[in-house]
Amino acid sequence: MTIDRERFLQILHTPRYHQFLGLELVDAEEGYVKLKLPFRDDFLGDEAGSYIHGGVIAALIDIAGDFALITHFGRGLPTVDLRVDYLRPGQKHEDLYAVATTVKKGRTLSIADITIENSEGKKIAVGRGLYNTATA
Amino acid sequence: MTIDRERFLQILHTPRYHQFLGLELVDAEEGYVKLKLPFRDDFLGDEAGSYIHGGVIAALIDIAGDFALITHFGRGLPTVDLRVDYLRPGQKHEDLYAVATTVKKGRTLSIADITIENSEGKKIAVGRGLYNTATA
Amino acid sequence: MTIDRERFLQILHTPRYHQFLGLELVDAEEGYVKLKLPFRDDFLGDEAGSYIHGGVIAALIDIAGDFALITHFGRGLPTVDLRVDYLRPGQKHEDLYAVATTVKKGRTLSIADITIENSEGKKIAVGRGLYNTATA
Amino acid sequence: MTIDRERFLQILHTPRYHQFLGLELVDAEEGYVKLKLPFRDDFLGDEAGSYIHGGVIAALIDIAGDFALITHFGRGLPTVDLRVDYLRPGQKHEDLYAVATTVKKGRTLSIADITIENSEGKKIAVGRGLYNTATA
């Protein structure tokens, strides 16, 4: 990685919304990152409180894709666009894991693929994000 | 609308993640909804605390699209997939508004278009969501 | 428009794949274009020959979005990414119309929204394209 | 596969637009397909005739995703929506290859991931398609 672990964690833990999410770094190497989203009741998205909100999952996808690219560029990158396909609901009390890999590392635009899984490895969602790397 | 205002507000205000967001209903009619997201520091997405996180905007898009369809179906609907295009950053202290309209009202699948604006009417993001209406 | 009609038609009619499609210009102004795709049997996508292929519709969406932006930039622009939502099949013998409008006109990236309709005005598909305007 | 090779090839070769494209089957197994698109001048997308049109690539993505799912369902499936990210232009005289795999095999909706490469294995585009499997 072109960024040291301490700086990487700083970008992960400093933003206020990241703090709300409580994201943890599981693993990172060049072009790859795995993040953990420990369950919080604040993530629940339905009236009965059974499922994790799709917006939380979209945020996790956005962030994980960004961090896959941060392994190359060493800094956070603006998201240009984002696509999320929801495969099955994240359940109450379920910690989620995001695995993101670089699809394209470009001078102006880069792409990351992201998969969200539960602790049993079942896919919750897949996503693809386009990020602006022009100023990197 | 096929849903009364009180029930509509209940679906908007009950889920825990909606409470975190603090969403307010501005306007709703058949196939149309306008929501307000009053600014909170918890939404900030960068280390300097200057911009609203793209994940918060994605959630707002997801929710607004859902509520445009709730005006037809009278209940929350699972999101199948979601696309977000970010146009300009939402700034610190900026309240955001989501305007969502129905593109397709189908028996099994429905589509909503969503625009996120600031209070000056500048577009922050546009999105399109596909929702499962099969069980409605 | 920042491009004269003759040049606009040249960009529309010269590429080999555009010739295969047989695209016609219906209307164009700054930030807006309407194209016609006259039906051809070569567009049929199923074994029975009943429906227009989704790939033809995706191409029409891509091209119409490009031409909405050509009204600003005066030249063809590379597509960065494309999203297509299919609403109902295009039928055999049905001419299709693409209406495209500019969503964002940026220095490096621009966005267009596209709707495909049949001659009765029924929506066949909607799309959104991101185009590279960096070199414009 | 739940479909024999002869029937598979029939679905690939019968539709008129598939004939225009001249698609060839390279390989197929359960949840996987590789198709070849031999170059034709009719695919060229720019005035100079240097690049393969993005609409042809979008069609190839749509079709390959469909065929990945045909290995499970034994019949063609309507595309619900489609996303294409263009990575680099397909060049004149370049044969393209589409590799598609199943991401989700659902009772009502299924997802396929598709990568388009040239003969040197360089990625030209990636795509993701959602298909209606409700009537299968």
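When the chains are written out, they are named A, B, C and D in that same order, and each has its own residue count from 1.
The rule we apply is simple: contacts are C-beta pairs under 8 Å (C-beta built on N, C-alpha and C of every residue); 3 or more make two chains touch, one makes a residue touch a chain.
Quantities reported herein were computed from a predicted structural model and do not represent experimental measurements.
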Copy-to-copy rotation for chain A and chain C - C-alpha atoms, rounded to a multiple of 5°: 180
Farthest-lying chain, centroid of Cα atoms versus that of chain B: D
Between B-D and A-D, the pair joined by more C-beta contacts: A-D
Rounded Å distance between chain B and chain D, as computed from the means of their C-alpha atoms: 34
Cα-centroid distance, chain C relative to chain D, in whole angstrom: 21
Distance between the centres, which are taken as Cα means, of chain D and chain A, whole angstrom: 29
Interface hub residues of chain B, defined as touching at least two other chains: 80-81, 83, 85, 130
Chain A residues touching chain B - in the complex, by the definition given at the top: 10-11, 14-21, 41-47, 49, 53-56, 58-60, 62-63, 76, 78-86, 89
Chain D residues within the chain A interface of the complex: 83, 85, 87, 103-104, 111, 123, 126, 128, 130
Interface residues, chain A side, partner chain C - complex: 80-81, 83, 108-109, 130, 134
